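Each of the next two complexes has subunit A plus one other chain: subunit B in the first, subunit C in the second.
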Partner chain A sequence: MSKRRRAQLIRWAVYALTLLGVGALALWIDWAHVQDAMLRPDLAKEQFPDILTKAAKNTVIFTVFGFSGGLVLGLVIALMRLSSIRAYRWFAVGYIELFRGVPALLTILIIGFGIPIALGSRIPGTYGPGAVALAIVAAAYMAETIRAGIEAVPKGQMEAARSLGMSHSRAMASIVIPQAFRLMIPPLTNELVLLVKDTSLLSVLGVTEATIELTRWGRNATNHSANATPLVVAGFVYLLLTIPLGRLAAMLERRGKQTR
Partner chain B sequence: MRNVMPKRIFGVVGVAALLLAACGDDDDKKSDSTDSGGGDSASALTVCTDAPYPPFEFEDEDSGEFTGFDMELLREIASRMDRELDVTVQPFDGIWLAPQAGTCDVVASAMTITDDRKEGALFSDPYFDANQSLLVRTEDKDTYNNLEKLAGKKIGVQLETTGETYANDHKPDGSEVVSFEDPAAMFLALESGEVDALLQDFPVNAYRATQDDGMTVVEQYQTNEEYGFAAAKDNQDLIDEINDKLAETKDDGFYDDLYAEWFGEEPSS
Partner chain C sequence: MTDTPSFAEFTPTADALPTNIAIETQQLCKCFGDNEVLKGIDLQVKLGEVVCIIGASGSGKSTLLRCCNLLEQPTTGRVLIEGIDITDPDCDVDAVRRRIGMVFQQFNLFPHLTVMQNLTIAQRRVLKRDKSEAEEIGRDMLVRVGLSEKVAAYPAHLSGGQQQRVAIARSLCMRPDMMLFDEVTSALDPELVGEVLEVMRDLARSGMTMLVVTHEMGFARRVADRVLFVDAGVIAEEGSPDQVLVDPQLARTREFLQMVIER
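What follows is the complex of A and B.
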C-alpha cells in the first residue's frame, strides 16, 4: 500500500468512527431534556432587551475604560522599559512582573477594598474602582506587547529619522510608534478580547443596577429561573461582542499590509 | 478551497457533539447520585454551604472543622442517619440549585425558605426563625439610625438573599443597593466606606457586632423568615429523613441546647 493510500484509508476510518460516535451520541442524548435544561426559548427571550441595554452595555463600558487606560499606561511602561535610564527600566520590569504574576481577581479585590481601607479614600465613580483595576492589569500585558512591537520596527527607521534631524522622542512618536502599532494590532486585539471577559471578575466588588455585567446577569437570571438558559444567552452575547472585534482586527491587519 | 470546507464543518460538528456528550454525562451522574442520596448509610452526606457566615457556618480555627449552628445541627442529624458530613463551600447565590446540579446532597446555609427557591429545590421543615436587620459603622450609629436616613447612600447586601429583596423593596429614595457575592467582601465594603450600611439576617449582623466594636446593629425588621435545609427536587426520601431526625432533636432537647449554646437563649417558640 502506498503511503498516500494508507493516509487516505486512515482518514476515512477516522471519519467513519467520528460519524458513528456522533450518531450514537445523538441517539443516546435526551435532546428534549437538554433543550429544557439550557435552551428554553421563552427564558432566552425574557433576557432581551435588558441583557443588551444593561448588562452588555456595562461590559462594554468597563472594557473601553480598561483598554484605553491600559493602553496609555502600557505605552508609558513600555517606553520606560526601553529607556536608557536604569531606574525607569527597573520600575517598568517590577510593574510588569507584579501585575502579570498576580491573579487579576486579587488585584481587583486589593484595589477595590484593600486600598480604600488603607488610605481611607475610594476611587470615585460608578465604574471607577473596576475600570482602574482592569486598566492596571491590562497595562502590564500591553506594555510587553508594545515593547515587542517597538523593537520589531527596523533600527534603520529610527536612524533615518534621527539623521533627518528629528529628536529621539519626535522620531519615536511620529516614526517608530505608528509603525509599531500596526504590528501590534493582532496581539492588542487578543488583549481586548481578554479584557471583555475579565470584566466578569468585577462583580466581586459588589453589583448595583448600574454596574451589573453580562456574567453576573446570566448568573442572577439562572438563579431565579433554576435553568441554565440565561448562562447560554450570556455566552452568546459575549460572542456578539468578541467575534466582530476579531473580524475588525483582521480587517485592520489586511489594510495595514496593503499600505505597506 | 472547496475540498477543505466539508472537513471543517465535520470538525465543528464533532466538537459540538463532544460538548453535548459531556453535558449529557453530567446529567446522568446527577441522577445517579441523587438516587443513592437517600438510603445509602455508608456514604457521607455532602453539604453545600456559603462559609464563613458566623454564627451559622464557619471553620473552627483550631480544629479546621466546620462549625456553627447550621453545621452542628446538620452534623447531629447526619449522625443519627449514620452518616458523616462532607462540607463543600460555594457562593450563596444559586446555592439552592446545587443539589439539583449534583454538587451535594443538601444545602445548609442559613437559607430562608422562599417560593422562588422552591422552584429549584425541596425544602425541609423550618429549623430557625430570623429577621432582617441594619448594621452600620459604630461611628455612624447616630447618623444612620434607621433605613430612612440612608437616602442617597449605599446599602450593602449579599447577592440573591432575602436581605437583598428587602432592601430593594424598602430602600429610601436615591439610595443604591450594592450586592456582594460573599459576606466577607460585604463586611470589607462597610469597613472601607464603599457602602454605609449592611442589610442582612439579624443573627449574622448581631454576631458580627459582638465580635467587632467598629460595627453596630441599629434596626431590626420583622420579616418572619424561616431557614430550611434544601435537597434536589426528586430527593423526597432525604428530606423525609432529615425532617424525622430534626423533629427528634427538638423532642429530646438537643436542639434547645444547641440554640442556647450559639445564641445565649432558648428558642422563643
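What follows is the complex of A and C.
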C-alpha cells in the first residue's frame, strides 16, 4: 500500500469513528428532556427585554469602567515600569506580578468584602467596588501591553524629539505614546473582550438589582425557574458582545499590518 | 533643484555670541561598560565652519557626534556649545538642544504625523510659535529642500531621499545655530544620495556651522573646511580635506581611505 493510500485510509477511519461517536451521543441523549431543561422558548422569551436593558447594560457599564480605569492605571504602571527610578520600577513589577499571579476572583472578593471589613467603609458608587476591582486587575495586564507598545516604538523617535528640544515627558506625550497606542489597539481590543467576560466574576459580590450583570442574572433566573434556559440566554448575550469585538480586533490587526 | 536655495538667514551673527567657537569638547571620554569608545577627544568647531568626521565603523565617530548634544552622556570631559558647558548638571539641556539641529541615518521622521506636522510640532510645543507662523516657516523650509508639494504627505509615502530632506527641513525650522549630521546618506539607495548632499552643500554655502559624520569622501573633499579622521576613539589625523583625504600622513588613514575607495 502506498504511503498516500494509507494516509487516505486513516483519514476515512478517523472520520467514520467521529461520526459514530457523535451519532451514539445523539441517540443516547434525551433531546426532549434537554430542550425542556435548558432551551425552553417561553422562558427564553421571558428574559427579554430585561436581560438586555438591565443585565447586559450593567455588564457593559462594568466593562467600560473597568477598561478605562485599567487603561489609565495601566499607563501609569507601564511608565513606572520604564522609569529610570528604581523604586518606581520595583513597584510596577510588584503590582504586575501580584495582580497577574492572584486569581481575579480572589482580588474581586478582597476588594468587595475585605476592604469594607478592613477600612470600615466600602468603595463608594453603585458600580464602585466592582469597577475598581476590574480596573485593578485589568491594569496589570494592560500595563504589560502598553509597555510592550512603548518599547516597540523605535528609539530614534525619542532621540529625534529630544534633539528638537522637547523634554522627555513632552516627547513621550507627543511622539512616543501616540505611536505606541496605534500599535496597541489590536491587543487592547482583545483585552476588552477578556474584560467583558471577566465581569461575570462580579456575580460573586452581593449584587443588588442596580448592579446585576449577565451571569448573576442568569443564575438568579435559573434558581427562580429551576430551569437552565436563562443561563443559555445569558451566554448568547455575551456572544452578542464578544464576537463583534473580536472581529473588530482582527480587523484592526489586519489594517495595522497593512499600514506598517 | 535647479535654483540654489539660500539659507543665509540662519547664519548666527558672530558678535551676538560670547565666543566664535560653536562646539568644543575637552578631553571627552565615553565608555559603554568596559568598552572605551572615546578616549579623550579635543575638538573645536568654529562658527560657520563645516567639519567632516570620517573613520571606520566602531571608531567612535557617531558617539562623538551624539555627545555634542548629549544624546550620549559623556563619561568624563566637557562639551561646550557656544561657550556654555552643557555637561554641567545645572545646564538646561533642552534649551541648548533647540540651537543644535540633528539629522539621523534613519531619518526618524514622526510616522504618525504629516510632513507639515513633522515640521511644526516642535516649533509649536517647544518654541510656542502659533500655528500659522509655524506653518509659514515650515513651508519656507520645504521650498528650500525642494519638497513644497509634499506638505500633506505622510513619511511612509516619501522616498528615503525625500524623507531625509524633510528631516533636514524639520531641524532648520527651529532656526538652529549649528547642525549635526550622523551618516545621513548611509541608509539611502545610491541614486537618492545626491539630492540630500545637494541640500547639505547649499546649507554649508549659506554659512551654517556643520559637524558631519560621513562616508561620502567626495562631499567631504568638496564641502568641508576641515576633515577629522577618527580611529579607535581618538582623532588620529586632522587638517584640510586635501591634506587628510589626498595626502594622509598616517598609514592607518591611508589604509582606511583605500578601503572606502575600493568599496
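What we mean here is this: the second predicted complex is superposed on the first by the 244 of 260 C-alpha atoms of A that agree within 3 Å, B and C clash if a C-alpha of one lies under 4 Å from a C-alpha of the other, contacts with A are read in each partner's own complex, and residues count from 1 in each chain.
Convention: contacts are C-beta pairs under 8 Å (C-beta built on N, C-alpha and C of every residue); 3 or more make two chains touch, one makes a residue touch a chain.
Everything quoted here is computed from the prediction, not taken from an experiment.
For the composite obtained by overlaying on subunit A, subunit B and subunit C can both be accommodated side by side without a clash. By the touch criterion stated above, A:E159 is placed in contact with subunit C alone, subunit B being left untouched.
Residue by residue along subunit A, subunit B and subunit C are tallied for touches, and B comes out ahead.
In the superposition on chain A, contact is made by A:V204 with subunit B only, not with subunit C.
Contacts of A:F236 after superposition: neither subunit B nor subunit C is touched. By the document's definition of touching, neither partner reaches A:F91: not subunit B, not subunit C.
Applying the stated contact rule after C-alpha superposition, one finds that A:H33 touches subunit B and leaves subunit C untouched. Least inter-chain distance for subunit B and subunit C in the combined superposition, rounded to the nearest angstrom, is 32, based on C-alpha atoms.
In the three-chain superposition model, subunit A touches subunit B and subunit C at no common residue. If you check the complex, the residues on subunit B that touch subunit A are 10, 13-14, 17, 20-21, 23-24, 27, 93-94, 97, 100, 116, 119-120, 156, 159-160, 176-182, 185-186, 188-189, 191-195.
Residue ranges of subunit A in contact with subunit C, taken from their complex: 154, 156-157, 159-167, 170, 174-175, 178-179, 182, 259. Residue ranges of subunit A in contact with subunit B, taken from their complex: 15, 18, 21-22, 25-26, 28-30, 33-34, 37-38, 109, 112-113, 116-117, 120, 122, 203-210, 219-220, 222-226.
By the touch rule above, subunit C contacts subunit A in their complex via residues 69, 71, 94-95, 97-98, 100-102, 104, 106, 108-112, 121-122, 125-127, 156, 167, 170-171, 174.
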